[in-house]
Structure formats: C-alpha cells, structure tokens
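Each chain carries a letter (A, B and C) given by its place in the written order, and its residues are counted from 1.
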Amino acid sequence: MLKTFPKGGIHPPENKITSFKAIKRLPAPKTVYVPISQHIGIPSEIVVVRKEKVKIGQIIAKSGGYISSNIHSPVAGTVTKLDKFFDSSGYKKQCIVIRTDPKDQTNFESADLPLQTEIKLSAKEILQHITDFGIVGLGGATFPSHVKLNVKKDNNIDCLIINGVECEPYLTADHRLMLEKAEEIVVGIKILMFALHINKAIIGIENNKKNAIENFKELTNNDDKIHVAAVRVKYPQGSEKQLIRALLKREVPKNGLPIDVGVIVHNVGTIFAIYQAVQHNIPLTERVVTVTGKKIKNPANFWVRIGTPIIDLINEVGGLPEGTRKIVNGGPMMGKAIKNTDVPITKGTSGILVISEDEAERRKAKNCIRCGECVFVCPMGLEPHLLMNLTEKRLYEKAYNEDIMTCIECGSCSYVCPSHRPLLDYIRFGKSIIKNLEIIKV
Amino acid sequence: MSKEPIIISASPHVHSDRTSKKLMYDVVIALVPAFLVSIYVFGIGALIVTSVAVISCLLFEYLIQKFLLRTDVTISDGSALITGILLAFNLPSNLPIWMIIVGSLVAIGIAKMSFGGLGFNIFNPALVGRVFLLISFPVQMTMWPTAFENQIKIADAVTGATPLGVIKEGLQFGETMTDLSTKIPSNIDMLFGFTGGSLGEMSVIALLIGGLFLILRKVITWHIPVIMLLTIALMTGIFWMINPEQYANPLIHLLSGGAVIGAFFMATDLVTSPMTKKGMVIFALGIGLITVVIRLFGAYPEGVSFAILIMNAFVPLINKFFKPRRFGSRIKSTII
Amino acid sequence: MSTSIIYSVLLLASLGIIAAIVLYVISKKFYVYEDPLITEVEEILPAANCAGCGSPGCRSFAEKLVNTEDISDLFCPVGGNDVMKSIAELLGKEVAEKDPTVAVLLCKGSCDMRPKTTQFQGPDSCAISAMVFSGETDCQYGCLGKGDCVDACLFDAMYMDKNTGLPVIITDKCTSCGACVEACPKDIIEMRPKNKRDLKIYVGCMNEEKGGIAKKACAVACIGCSKCFDICPKDAITMENNLAYIDPYLCTLCRKCVDICPTHSIIETNFPPKKVKAIVEPLKISNDA
C-alpha cells in the first residue's frame, strides 16, 4: 500500500501526454515582458530605466521588502518600456519590457553547465545566495524561498521534503526535470541539508512517475540520509500539508506552517534553482514549462526564459488549434485562465494548457442535491457546500467558524460536484472578504 | 483564434463526468429488477400503479414549476421519476387510481416543491406520499393482493395480509410464533418476493441486486444500508433470543416488509440523508432502532417508512453535530 | 354543568393572574432604562435600515444621535436635510447641511461601445468576476455588468439595462445611501450633488490608461486629451492619471466641456437638448464605434 493522505482527494484523468518529451531549450525571445510581481508578497522595485542596456542575470528589480524577491534580466538587451501589461492574474501589472540584443552572444549560450557536487560556500553564504538570486517556490505558489528557509532555533527542523509529486493533470515539467537533472537536484538537496543542518530528506514522487523514482533511488543508493518515497496517485497529493501527512503522518495545525511540525517542503524545481544559484551563481531567470492540450499538435516541455510571451511557446508547439476556447496558465485544477496569448511566463508558470471548446464551457449550475460528495473529497475535512451557502448569504463570520480559511483551493469539490455548482468560486470569494475584514486572530 | 471569445473562469478547469442526472438514472436502473419481479408477481396491477404514479409525479412537478413557481422546468433530471417509482413500490397493486394521484400530489407538491424543489426537501417525498395515504386510507392501503392470484385482475382482487401483518395480528390474539410460522410464506418465497405486500418491497433478491449496483456505481455508500439492516437484525435477534414464541426471528424481519427497499433506496436518498460518513452511521442506527420499536411494540406491523421519516427530520442536526474532522484541528483559533 | 363552567372560568382567571404577576415581576426586574428620545428620533428617521449613515440600522443611528455630543458629522443620506433638521430641533443640537446627492455611474462602456473580448463563466457576481480577472472587455476599469449594485440597492432605484449592459440609476428613487458604491468592486459609482432639476455633468470614464489604449478598448473612453481641462472657465476640471475629473462643487454646468470632448465621454443629465448636437452626436458615435 502506497503512502497517501487519509481523507478526501480525487483522481482526475492524468493526461500527462508530454511525459516522454525531453525538455527543449528555446532560442531567446525577441522581447520579454518581466512583471515585477511574480511572487507572493510585495512587488519588487524597478532599478533600471528606459533605454538602459542590461546583461543576462543583471538585477532589474530589487526585492521590495522581506517577503519579496529580486528579479533578474532573463536576456541581454535594452529596456524599451516600463508599462502595464496583462499578466496571469487577469489584470494589467507593471512590467519591464526588454528587447533582446540579437548580437549579444550570451543570449545563445547553453546553460547546461557541468555538474558540480562539491559545496564550497558556508551555510550563511548559501542562504544569502538564495535571497540574492531571486529564488521563489516554483511549484506554483511562488513564495520567496529565503523566507521559508529562515529557520529559528526553536523550530527543530528534522526533515526536508522534496516535492516531486506533480499531482496536477497534464503537467510534466517537474517530472522531466527530475529525469534530466536528477544529479543536480540531489546536490541541491545536500546543499539545503547542509545549510539548515537537517539530517533527513525525503523525495516524494507520485507513483505514476516510476522512472523518476527509480532514477532517484539509484542516485541515492549509498546515502542513508536521502530517501525516495513513492506516493499514491491522488490529487491534491502535491499540496504541502497533504504531502507531509502522507510521508510523515504529521498534521500541520490549522493556520500553521510546515515549520510548526519540523518540516520544510520544497519543490524539485526550486531545488534545481537553488543548485544553480549556489553552485553556478546563476539567478532564477528560466524555468521548465509544459505546453500541452489535447488538440495541440506537438505538446512539449521547454526551458523558458521568464517573461517570454505565451504566444511564442504556442507557436513553437504548432499554433493555437482550431476551436480553442480557454488558455490556462498552470494545470487544469488550480491554474488561471488567461485573457490573451501575450501574457508572459512568470516564475510560477509550470504549464500552459490549451483547452478546446468541448471541455472549456462550464456546465450550468443546478440545485445542490446534498449528496455530500464535496465533503467526502475535501482533503482538509471541510464542508464546501456549507461554506458556499454561507458565503452566498454573506454570513462570513459563520463561514470563518466553519474553517473556511483553511481551504487550500485545490478544487476537488468543484471537480466532483454532480450539480456543477461553483463551490470553489464562492469559497475563494469568502476567503478574500474575510481576509479584508481583518477579523481574524489566531 | 476562433470566433467565439475566450472563456475566463476560475479553477478548476476540468470536471468529472458525474452529473446529478446520471446519478438519478442510475437509481432508476437499479429499481428495474424489483419492478420486473413485481410485474411477474402482481401482473397488470403493478404496471398500472407504477405508470400512474410516475406520470402523475412528473405531471405535478411540471405543472407546479411551470405555472405556480414559474421557474425552469426540470422534470428531465430524473428526481420526480424516482419519486414516482418509489411511491408506486410502496403501494398495494390494487389501489384505486385516484388515490395514487393524491399520493403523488402530496409527494411532489407538499413534500418536495413546497420546500423549494430538488435538494431542499427535508423528507423523502415518496415516503411522505406513502405515509399520507396510509394514514388517510388505512383500509385500502393494507389490503394487499396476494401473490400470483391477481395477475390479470384489477378490481376485486384476492387480498391478504403481509407476513408482518399476520404476525402482528396473531401475536395480539395470543398465538405463538410456532403457530404463526405455518401461516406466513417460507423464507425462500420471501427472498424472491413471492408473497403479498407492496409492489416493489417484497423481492429482497431483486432489491439487493439493485442496491449492489448502486454501491458499485458509487451512487450510495455501504454505510446506511448495511448498518441499518444490521441494527434491525441485532435488535430483533435480541428479542427473539429472549422469547422466540413472542418475537419473530431476525430473518423474517429482514426478508419481509420494507426493510431492504428502505435500506437501499429510501434511507440512502441523497437529499434527505446526512452528508458525512459519521452522520450516516448515526442516521442508519436511528432508523434501525425506530423500525424495530414500531414493529415489535407499535400499532403498525411495519415501521420502516415512519422510521426513515423521523430520522429525516434529524438530518440537519446530524449534519451539524457530526462534521468531518478538520485537517490539523488540534489548535483552535478564535474570532473577535 | 354550571360547576364545570365555574371551574373553567376560575382556572382561566387564575392562570391569567399568575401570568400577569410573572410578567409584571420580570418587566420590573429586567427593566433597562432607555432614553425616550431615542424612540422619538427613530420615529423621525426613514426606517429604511439601509446603513447608509454608517450605523447598522436606524435604531442604532438614533442611539448614536442621542448619545453623541457633536452630531454635525452624522448625516442620514436617505432622510436628507429635512429629517436632520427636525432631529436637530428635537435634540437641540447643531447639524450640518449637506447638498442632496445621488449615485452616478462613471462608465459609458455599453456593449456596442466597448466590445467584449472574453467571456466570463461563473457565478453572476461582479465581486467574484473581479477576483478572477479584470473584466470581459479590454478596459480594466469599467463596469463588469453583473449587477452587484442592483442587488445591493434596497430602494429599487437601479436596474440593468439589457441593451447597454450597464446599470441605470433612477435618480428620483435614489436615496444616496451608498450601498451600490460599497458593492461595486471597480469603484465606478460616485455620489454627486443633485443640483437643481438634477442637472449634472461628469466624466463617464475611469480608465487610467493612456489615450490610445483606452480608446482601443472603448469608443467612449476618456483619453486624457485635456481639451476639457483647457476650456473649462472655472478650473473645475483636474487631470490625473490620463483621466479628467469634474469637481461638482466648482462646476457651473456651462456644458463647454461636453461639446469639446472628442470621445463623448462626458455625461450631461437632464439638460434641454441642443438642437444641433442632437443630430450630430449619434453620427459621430457610430463613426467611432
């Protein structure tokens, strides 16, 4: 019996059509649109001016506070505009537009550097590198990594969990990364374990990625500190709290963080970015993106520079298919539908999913038949039907007392509802209202 | 780019194929075996009662939605169809047609639509209709046509009591179970449904097939039927062990009357049953206990429908007090 | 026979006496002193319980009025000056006089002026739609058209115009309680003074984008050209973020800005129609669109 979290969860069709496609590196795009708020927290502050020449990896926006992150130029070129453009939030956000210099050779150099296993830096320097090189969580939440790694002594961290679950259907970015950069990831894990003085690390991988599991098992054969654990294929296994529960049987308390149960969780992509930053001094300017969809001609995984417009990627896989009705930034369960194809790739974009008309339409909501399916699948033990009802009636205080704030927005309830009710829409709305009301005290 | 504009909606962007319509029609399919047996046993009367109940339920729902509430007509969602079938299954096969129509009106009009339609009703509509008829027309509702003797007759059917009725009456007149066991059909006959009774409730085996189908299709979970039947068996078993001459054995209680149809089709009604597994267990326990109390000590020989209705009333409370365990609920937070 | 009558009369009478005693004792024991003024003030208030004054209901507003020393910054928008004046007389306190205001919609982006480029699917609510994205059109400041303001209005003073896709405010019914302003996630409803005969001039656009982008998204957007700013004789117009704003207290309703606006994004209400303009305007708009 494979490990998993005990309550709830669903198993949507996996549709991982790109899991055998090696990650391709794209040529540098002509123009990049780098938003200054690619992470959770305060937007970064722009430190370049118009017409300024920038090099690859040069800081173009400085961290705006503690929960914030540096942003580096993904290309060498000239800053042409500082203006607002649509990003994946559906709103226009401040972006730095850089035109790539076609003559600059650094734009076309391969970033595949030789493996470097020896850790030369001290623990403090490692953490400084992670802060300076703009590392954020690449699993999708884009939480600045240095905040997560800022461990106090009384936290008693005893385990580092590497999240290679990738439970979202369609997406294969982490899977390919684990196959192609496994050695680097193992070094990255060692770096973190060294920097934080942790003696145990577990790589959690969903059982539908058997080759990645084998791969890591071979690599960590002689290491009794790093374990590889296969977990059952179940959504949302990749959620931090669920993964900790599955691997360690520890439950993160309500309103708590993994750190409260002595665990730090990082995505494999983040670990690779940390490796790059610490061992090669390369800032986070590119990431793996899966471009996929049932009607796409050649779905693929790419190394993409941050700021590349999505249309460039879609052209690369054979253009937008006829009858496209929805383009999603991220996976089908938690991704955001985007307004047009000019939206840039950001640090948090793990995939682009193109949905055609037969699946794009939302079905009409009908009466709740009180089947309780949403209650059964909720991994957080909530009652989505109740929360939706309370939010609809504006009984926010009651909704708060029903633990609406612990919802992880995985979408399982909306997925299973046989009456197609917009459960998560309302829950999310209620959460945002309650957040603004500032009535919460832990 | 296509001519139609791009759709923006909040996540999730995929949806499971289960729809409430599919769930409803699964229930209808699950009721087919019992229906076939009832036609075999009661003949044309079963067909007439069922079709009248179904048609009048659909019609009343249509009329109420179209002209009274002026909302969208949703008779195709299958819920009124199920109400009709279940109502018919709880009636004797020679019931006058106007009574069936009255029962349907009560079921759809009072028990379902007046609460706000599908999903808002507190009580199982079919059972409300049945209990209404049972209380209003006790004579007609307890004249059960006997098996196989009335297949082509509608009027002047040969009638008799149900096994539970025979036992209840016999015990009241001081007979013992040993005397009575000769008067009721054999267990095998009751298993297959070759006995008098309501249309659809007699054939245990056909109902079990339907119930298993529902469990396999994940329309219902095993909790309610299994626990409810176990409770009935256990309770009647205790009394039977105390005094086998005064109390029928558990097998008779399980095989006769509405225990099985109630357990698999009435108590599990999605709308009127609790929404958590814990709640379902409590709910099923309650039904089992009340059924046994009514059957052994009450005035009616049969108690399943009353038991389910009584427990239906407790469902909101059960939902309130038996919530799923919240993830990470050790530390409490407060609101000010 | 007669004894049963006597018994029942006696029984009922004694029950009544017992109940009366219990009620009397309880009402004495749990008596809470309340200023009778509060009830009097409450009777003057319009009893709409709209919360437009900031208090949750008329009763609590009355308490506030009675208990606060200085009530000059408290105002019942529904009752207006008359109600406040009579309250002031009753309480012997000073109240501020305010011009009556009404809600106006700062968006002219109807369906044909502001084409939809995307389609939203989800609950019919502006607030939820605004959480997902900026709106179905390319303008990220304008009306979302889902009618949260109409739902919020307690006085039936708003309705959605099906042709334009925008809410319409019925000025006569508007009590300026501010519920729609609260409900609108885009903040495009403003309270403006009613003036005489409900004459108002205001810029019907909130788009802060540069002219070209704004114009591309919406034919009647304010493009920030400053023509109205230049022509205004009273300096009532300010330009900020590529957007003109007309200060209602400085504006003398001369209508010069209305005529000069190249995109017709300035709205005038209840003015007598100008003969020439009535012919020109529709033509020009259809050219723009």
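By definition in this document, contacts are C-beta pairs under 8 Å (C-beta built on N, C-alpha and C of every residue); 3 or more make two chains touch, one makes a residue touch a chain.
Predicted model, so just to flag it, every value in this text is computed and none were measured.
Taking the mean of C-alpha positions as each chain's centre, the chain lying farthest from the centre of subunit C is B. Taking A-B and B-C together, the pair of chains sharing more C-beta contacts is A-B. Centroid to centroid, with C-alpha atoms defining each point, subunit A and subunit C lie 42 Å apart. Separating the centre of subunit A from that of subunit B, both taken as means of CA atoms, is a distance of 49 Å.
Distance between chain centres (mean CA atoms), subunit B to subunit C: 53 Å.
Within subunit C, contacts with two or more other chains are made by residues 117-118, 121-122, 128, 131-133. Shown for subunit B are the residues in touch with two or more other chains, namely 4, 6-10.
Within subunit A, contacts with two or more other chains are made by residues 90, 336-337, 339-340, 361-362, 422, 425, 428. Per the touch definition, subunit B reaches subunit C in the complex via residues 4-10.
Taken together, the subunit A residues at the contact with subunit B in this complex read 7, 10, 12-13, 90, 169, 241, 245, 251-256, 320, 322-328, 330, 332-340, 353, 355, 357, 359-363, 366-373, 375-376, 378-383, 385, 397, 400-401, 403, 406, 409, 411, 414-416, 418-420, 422, 424-425, 428, 439-442.
In the complex of the two chains, the subunit B residues touching subunit A come out as 1-2, 4, 6-16, 18-20, 22-23, 74, 77, 79, 117-120, 270-277, 323-336. Subunit C makes touch with subunit B in their complex at residues 116-122, 128, 131-133, 136. Taken together, the subunit A residues at the contact with subunit C in this complex read 84, 86, 89-92, 336-337, 339-340, 361-362, 365, 422, 425-426, 428-429, 432.
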